[in-house]
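Chain nomenclature is as follows: A, B, C and D, assigned in order of appearance, with residue numbering initiated at 1 for each chain independently.
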Amino acid sequence: MPTELAAPEVATRELSYAEAIREALAQAMEADERVFLFGEDVGVYGGAFGVSGDLLQRFGPERVIDTPISELGLAGAAVGAALTGMKPVLEIQFSDFVTLAMEQIVNQAAKIHFMFGGKASVPMVVRLPGGSGTGAAGQHSQSLEAWFAHVPGLKVVQPSTPHDAKGLLLAAIDDPNPVLVFEHKLLYKTKGPVPAEPYRVPIGSAAVRRAGRDITIVAASIMTLRALAAARRLAAEGIETEVVDLRSLRPIDFATIAKSVRKTHRLLIVYEGVKTMGIGAEISAMIAESEVFEFLETPIARLGGADVPIPYNPMLEKASVPQEDDIVAAARRLVLEGIA
Amino acid sequence: MPQMSAIDRNTAAPERPALAALEQEVLRGALMKMHLIRKFEEAAEASYVRGLIHGTMHLSIGQEASAVGSILPLRIDDYILSTHRGHGHCIAKGADPARMLAEFFGKETGYCHGRGGSMHIADIEGGNLGANGIVAGGLPIAVGVGMSIKAQKQDRVCMVFFGDGATNEGAFHESLNMASIWKLPIVFVCENNKYAMSMDIALSMAVRNVTDRASAYAMPAVAVDGNDLPEVAAAARAAVARARSGGGPALVECKTYRIRGHSKSDRNLYRTKEEIETWREADPISRLETEVLTHQRFTRPELAAIEKAAQQRIDEALEFAKASPDPDSAELTRDVYAD
Amino acid sequence: MPTELAAPEVATRELSYAEAIREALAQAMEADERVFLFGEDVGVYGGAFGVSGDLLQRFGPERVIDTPISELGLAGAAVGAALTGMKPVLEIQFSDFVTLAMEQIVNQAAKIHFMFGGKASVPMVVRLPGGSGTGAAGQHSQSLEAWFAHVPGLKVVQPSTPHDAKGLLLAAIDDPNPVLVFEHKLLYKTKGPVPAEPYRVPIGSAAVRRAGRDITIVAASIMTLRALAAARRLAAEGIETEVVDLRSLRPIDFATIAKSVRKTHRLLIVYEGVKTMGIGAEISAMIAESEVFEFLETPIARLGGADVPIPYNPMLEKASVPQEDDIVAAARRLVLEGIA
Amino acid sequence: MPQMSAIDRNTAAPERPALAALEQEVLRGALMKMHLIRKFEEAAEASYVRGLIHGTMHLSIGQEASAVGSILPLRIDDYILSTHRGHGHCIAKGADPARMLAEFFGKETGYCHGRGGSMHIADIEGGNLGANGIVAGGLPIAVGVGMSIKAQKQDRVCMVFFGDGATNEGAFHESLNMASIWKLPIVFVCENNKYAMSMDIALSMAVRNVTDRASAYAMPAVAVDGNDLPEVAAAARAAVARARSGGGPALVECKTYRIRGHSKSDRNLYRTKEEIETWREADPISRLETEVLTHQRFTRPELAAIEKAAQQRIDEALEFAKASPDPDSAELTRDVYAD
């Protein structure tokens, strides 16, 4: 019988996703004086999404640093600080603005360890609030994480729960490599159990959030929540869905996905980024070139963002990324009709 | 010249040149536009509070003189490029508040058919090449517009707006440099409202004025009281004339202040109530009204009529926006590509 | 019997890939005074790879414009010029430097037409020399085209022959949308037939370069040449390879690929960009979610760049991207052993 | 002080202060390093011509005084960030030319184990945080290094090199601004060699000097003859001392010239032979040698011995590089990630 898997910890204390991130930052800063947070309006404003909150008051302006609006310079500053003994955490106010910082992230941060023959490393973390659903339109709603999954030298994570938001961020701060943490704006206020002590969620491990035998849904970030809601509805129709929360986009936990698909023989991948060249393309291709291919009974289906900049109008905005109904429909189609 | 008797004029103190330079109908238009902007934003804000508008918005209440004064010397075929705080620029350049509000409401009748929203309103026919959600995003675009004007040997001018915070972006630097070396017909208007979101300009740059950055590009620059419409207009007029005549770009810095929070999430933690109050007293609309009354350019009833007409236009705009249809969801991917 | 398909034109005149691009630029500038070329060292230097050559002498400094080193500003300038009646062609000296210009390309150029409700368009072209093989190491050898295939509003092409280099560039200049043309540094000196008159290669159409019944190789850019060489060797072993030259990455000509795979039942995708999240992921996923899935007899194989920044050492550099031998081996493995 | 008799010293004209400030062993070291750089690059060039090196290279022949003079006041634990034209900085900071040449040859014994090549040589132990293939790429990194030094309360300094062309990148602007507002211990050294590849600085910026850009950041700046080692050293010394003592960043502009083409593909179409010749006469090495001879700081045989020692070291380096093993292809993806 499929069940919602129990949360991995027995914690009963609930925090919001934003609070969990803040707690991770605070614990990392308490434990290691090399850690600092910087970015636009992370200090006195408390962060555009309130994530840093009172960290300025608690850690002072030398460790919670308000900056000018200079994304490229800030990313470079993270590289330089990381290269010389610090552990910077940079907040890019909206992930869309990372377009200004690609040079430093991709040409410098990702490559320095390799290009310098392993002689230096760049333990920096970039936090990037992404995703649509806030009515902020085309330049403030993108899901660009797939780009970074294409770049050797980077790690990319995308937490879907408060628990993982804390644990992945702490793991990212520990990591000796540049790690991008794509947070989701709509998740900041979602609540969930979060252990009080510091803990790590390993980068590169997916989580089976629900067991099922008929179809595997691999989802990332907020889509995990929608997939779980869809799975509950599908269960009522007799379709037992296994939901895998991707969590890490680079590296991808192929073993967990493959294991699930071997069991269910069907795969639907759900993600918010534009479908074409989104993370689902890679997962589909990994399965299609592996020995799991033989276990597939149906085509591999992807549900991703429509081929459109995120529109302002709320109905259009919703229509541009997968919603619960879309997931239910796609899963049904795959299980009942065998088509993607 | 204003229509008043010689006797009236003699009793009043002489007008300062910047005000005297504004003909009566120009001044009336400017007052009307400032009111329209103010009423527009108040209506938008109220609609947001009532849940009729989603998303966020960046209000320019208190900055109307900067928008209207800067754009006053522009012709309809001149271009502007605007910012996330762009309603003022848009209305000043002549856009229809009804279609703007419809855009705010996400309606098909909006300037962007509901696809863009507040941060992306563009009025191409009116020469507004668009608001921009990216800080300093319009600056490099202005360079291209300037190149285009020059290549086509037009006598147009491109005016690009940006905030104080935008001047810390690399795009600012690259754009001013290119505009200067190529002597492009661009007027750079910095609306320095003292803050970039929560970041005090005194903390974000080591110089006092944005104009202090212009010498790096050998670009003429002038800072003006951005809440003083006649001064803003005078500075803009000089810069526009220079640009139009092939003299190259210039920078105008309007020192102003945003009365509202940065956006809807702002709790004003980075500034004092007193500071806001001080600036409220420097309200650009009432300041100008007081002055034109003093100089008897307008009577109180005339001013009231202007304000009322503005309010009425916005009221109608609101009705239009509310009554307009939503986009058709079946047309989700319309206009992704031009053909 | 499989044969090398005849070149589509009966032209006998041969030009190099670089000359073909220069001819396209010259013909476009002759035909339309709105067209101009700008970028770093495109004028008096003749372009870092000699592509613009004598265009400055022929068209003067107002239409062939040397610029400061300001990639973000230049991309924005292209947007502004395109918005107001010009048809700019921007050369980014090495495609790696586009990392500095992502904001203007992705947030502005790609979205303006949509965000402005169709009221304005951005007919700009960006030429980007990409690829490895010149010993220029990690920051001058990347293949980043896949990123742009993820962005609605952009078009992306990647010519493999002098013929297509000219025809796709002319099509790009005609196009009312922003088009990125990824050229390959190692192809600039390759020669091939190029008709003298202006002509267009439609954006969004792949080309079958060789017919075969045993396996389909979809390749892009220089990999097409390597795939054709591999196909000749495979033919000697009795493996008949169909080679599809992708040419356009956005939009992808799925129909041509699907038709070929229906025939051969096997698919190998070869591209130079990093394998993970490279263009092969999307092609694989498109096939795996389509009805062509049923025609597949083997997993879908991808050969892409290794998960590494491009190394400087020439042997490592070669080992980091697919070579002819790798293609032969992968095709053999797929056809003979049925594994990717 | 140099070891010469009082009589000798009296017959020579007095040394200018910048030269007098350099102690004998410092001066010897500087001369040695300038020769090492010159010989290193000549060896690299010759190896390239003979097909022993692939790729391209950016030679700094003619710019040695700028590299060596700037780095002279630095300590071993100070940091530098270098450029695509970075051999000089690397050697000046104390790197081993043998491991540098091995890197050029793509060998496992090279500084980057053959992974980086000329454009990415880094000597982390020696405080060289790396050359950079991206124009202006090192500038933002320097900001972070400065933040790091400050946060760790070290008395180190970070010196970042960049060309004239780099100052047109947005990264330049953002970096100087942040360094200035945060008073970071950074010395910005612009090696203005008049061209960015083919782009004449007179065409790429509207101001004459890169120092003219410093006022935009309220940053002290000085331009010096970059082919005059003592002057460069004096300017760098002042800037380094200021930065080290908490005085904040400064900009030093070294006016110099690259004698060779930009890279291997350069046909010198953008400049005249005469211009190159004029600058060849201002060769920083022979200029300094002439001066120290005049002042009898060194004898001709002493100078010849320095040059010979440099040549010998480079000859040995070349042998080392040639004899070194290639990387193991099986280790292609080694060091992509740290663990």
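Keep in mind that, in the parts below, contacts are C-beta pairs under 8 Å (C-beta built on N, C-alpha and C of every residue); 3 or more make two chains touch, one makes a residue touch a chain.
None of the values given here were measured: they were computed from a predicted structure.
J.: Among C-D, A-D or B-C, find the interface that matches A-B: by residue number, over half of the contact pairs should be common to both.
T.: When the residue numbers line up for over half the pairs, the pair is C-D.
J.: Using each chain's Cα centroid, which is most distant from the centroid of chain B?
T.: Following the centroid criterion, the farthest chain would be D.
J.: Starting from the mean Cα coordinates of chain B and chain D, work out the distance between those two points in Å.
T.: 47
J.: Averaged over CA atoms, how far is the centre of chain C from the centre of chain D? Could you give it in whole Å?
T.: About 38 Å, centre to centre.
J.: Roughly how many whole angstrom separate the Cα centroids of chain A and chain D?
T.: 42
J.: If a residue has to touch 2 or more other chains to count, which residues of chain C qualify?
T.: 67-68, 70, 72-73, 96-97, 100, 103, 107, 114-115, 137-139, 152-153, 306-309, 311
J.: Provide the list of chain D residues touching at least two other chains, using ranges where the numbers run on.
T.: Only 112, 114-116, 120, 132-134, 137, 168-171, 174, 177, 181, 203-205, 333, 336 qualify.
J.: Which residues, counting only chain C, touch chain B once they are in their complex?
T.: 34, 36, 62, 67-68, 70, 72-86, 88, 103-104, 107-108, 112-121, 123, 152-153, 155, 176-177
J.: Touching residues of chain D toward chain C in the complex: what are they?
T.: Per the touch definition, chain D meets chain C at residues 54-56, 103, 106-107, 112, 114-117, 119-120, 132-137, 165-166, 168-170, 196-199, 203-205, 265-267, 269-270, 326-327, 329, 332-333, 336.
J.: What residues of chain B sit close enough to touch chain D in their complex?
T.: For this pair, the touching residues of chain B are 168-174, 177, 180-181, 203-207, 212-213, 215-219.
J.: Please give the residue numbers of chain D that touch chain A in the complex, ascending.
T.: Listed in rising order, the residues of chain D that touch chain A are 79, 81, 110-116, 120, 122, 124, 129-130, 132-134, 137, 139-149, 151-152, 158, 170-171, 174-175, 177-178, 181, 333-339.
J.: Where on chain C does chain A make contact in their complex?
T.: 72, 96-97, 99-100, 102-103, 106-107, 110-111, 114-115, 137-139, 146-147, 149-153, 250, 252, 273-274, 276-282, 284-285, 287-291, 293, 298-302, 306-309, 311, 339-340
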